[in-house]
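Same chain, two partners: chain A is paired with chain B first, then with chain C.
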Partner chain A sequence: MNENLFASFATPTMMGLPIVILIIMFPSILFPSSNRLINNRLISIQQWLVQLTSKQMMTIHNNKGQTWTLMLMSLILFIGSTNLLGLLPHSFTPTTQLSMNLGMAIPLWAGTVFMGFRHKTKAALAHFLPQGTPIFLIPMLVIIETISLFIQPMALAVRLTANITAGHLLIHLIGGATLALMDISPSTALITFIILILLTILEFAVAMIQAYVFTLLVSLYLHDNT
Partner chain B sequence: MPQLDTSTWFINIVSMILTLFIVFQLKISKHSYPMHPEAKTTKMAKRLTPWESKWTKIYSPLSLPQQ
Partner chain C sequence: MDVKIGELPSWKVMWDFTPKGIVGAFQRGYCCYYDKYEQVCQCEERGRCWGFYGAYVLFNYCLSCKELKCERPHKHHQGETSVDGAL
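Right, the complex of A and B next:
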């Protein structure tokens, strides 16, 4: 049973070949790039969405921070579309893979931190000590702040992984419970089925919110360092 | 947790990097955002091109010497 519960999070292989590369690449074909003067509805909606998100997220940045717009917009679209596609039944969700999320979080975080140390060394070092600390606490606080800086990318990756994994597990469990209750008592099965539907709606919201949160936190790290 | 099995990490990370850092950025950067429609002046903009400053006689086909 325990094996079965987590089986959908194992990286799929087909005849020994990793097909995960195709699965991860798949969302990109939902974003066609057209060379027409007038776009179709899908591309228009996507461009409107990108424009809305980038206005909302990038206005707090200065010119240097705004050079990251393309990166952050592709990040939110990638995570969002992967999460939403992962809610299809029998599909594999690459955002449940800790490795992939770490691979996204660490380079982006490192980029912001390196930028901070390169261009604003004093301000970046000042983040290691809050203002008004008593003198005897200074060494300990510097250590704590350093650890908290290095834990940031881990927290970013684990947050996305845990949220998506927990959602999929809950759907799996409640779906299984509904199926088992169908024969025993149909009225209870109806209740669990309603819960399942509400949970699915919640998971759609979580899929989009987590994409937004991941990008927003990278954007905040960027804001601290530009 | 099959996520903690490190044997698949390499292929995961490589395919993520290919998709996120190359395919997605190429696609999003091709989006074109049209300007807002706004009223434009109907007057022609005055061009500052020295060769069009005056209509000289040699350019007029009628004043060319008859063949």
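Right, the complex of A and C next:
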């Protein structure tokens, strides 16, 4: 049972060759670029969504911060589409791999921090000590703020990994329970099936929310440093 | 696009083999499929390319077929049946 639970998180291979890169690149096919004045419905809907999200997310930034719009929009589209595609049966979700999420979180966080230290060094250093701190607490608070700064990329990556993995595990467990209960007690299996449906709806919401939270936090780190 | 057989080598050399070009080729192919088969249908649900997602599910099912075989019910050599399911 333990092996079956975590088998869906193993990186997929085809004839011994890893195809995880193909699966990571797959969502990019679903967002075609447009070269026409009037596009088809799919591209129009996607463009409307991207404009809505970029307006909502990037208005708080100044000119320097708004240069990251393409990066942040690509990030939210990639994570959102990867999470949603992972909810299809038997599919592999790249965002369940901590290595991948760390690979997204650390460079983005480091980029914002280096940007802050490069362009606004005093303000970036001032973040290590909140205003109004008593003098005898300063050394401890600087240490705490430094730790909280370095925890940020870890928290970003682990939050996404844990949420998506936990959701998939729950679906796997409750689906298995429903199948097992079908022979024993069909009425209980029906209740479990209803719970499975509700959980799937929740997972669709979590998939989109986690993409938004990841991107929003990177955006906030950027806002603090620009 | 009309390419004559004699012009195939020179046409192949014109391809863009950069990663951006390869991704663009897949996107153009998907767009052509969508414009030809999905958009002509007025129903909104078909516009979401369920056939495309179905092919993706089928592809992943074929990849994970070996692990799924362990979950199927199998008979012992004495003729008794047992379910070796996920639980």
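Convention: the second predicted complex is superposed on the first by the 226 of 226 C-alpha atoms of A that agree within 3 Å, B and C clash if a C-alpha of one lies under 4 Å from a C-alpha of the other, contacts with A are read in each partner's own complex, and residues count from 1 in each chain.
Everything below uses one rule, namely that a residue touches a chain if its C-beta (ideal position, glycine included) is under 8 Å from a C-beta of that chain, and two chains touch if they have at least 3 such contacts.
Because the structure is predicted, anything quoted here is derived from the model rather than measured.
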item	value
Simultaneous placement of chain C and chain B on chain A, clash or fit	fit
Touched partner set for A:S33, first chain B, second chain C, both or neither	both
Partner chain in contact with A:S185 - chain B first, chain C second, else both or neither	neither
Chain B versus chain C as contact partner of A:T121, first or second or both or neither	neither
Touching partner for A:M25 - first (chain B), second (chain C), both, neither	both
First, second, both or neither for A:Q56, with chain B first and chain C second	neither
Partner chain in contact with A:H90 - chain B first, chain C second, else both or neither	second
C-alpha centroid angle, chain C to chain B via chain A, nearest 10°	70
First (chain B), second (chain C), both or neither touched by A:N4	second
Partner chain(s) touched by A:H172 [first = chain B, second = chain C, both, neither]	second
Minimum C-alpha spacing, chains overlaid - chain B and chain C, in Å	6
Doubly contacted residues of chain A, that is, touched by chain B and again by chain C	7, 25, 28, 31-33
Chain B residues touching chain A - in the complex, by the definition given at the top	1-6, 8-9, 11-20, 23-33
Contact footprint of chain A on chain C as seen in their complex	23-24, 26-28, 30-31, 34-35, 39, 47, 49, 53, 56-57, 60-61, 63-64, 67, 70-71, 85-87
Residue numbers on chain A that touch chain C, as the complex places them	1, 4-5, 7-8, 12-14, 19, 25-26, 28-33, 40-42, 85, 88-92, 172, 175-177, 179-180
Partner chain B, residues of chain A touching it in the complex	6-7, 9-11, 18, 20-21, 24-25, 27-28, 31-33, 43, 46-47, 50-51, 70-71, 73-75, 77-78, 94, 96-100, 102-104, 161, 165
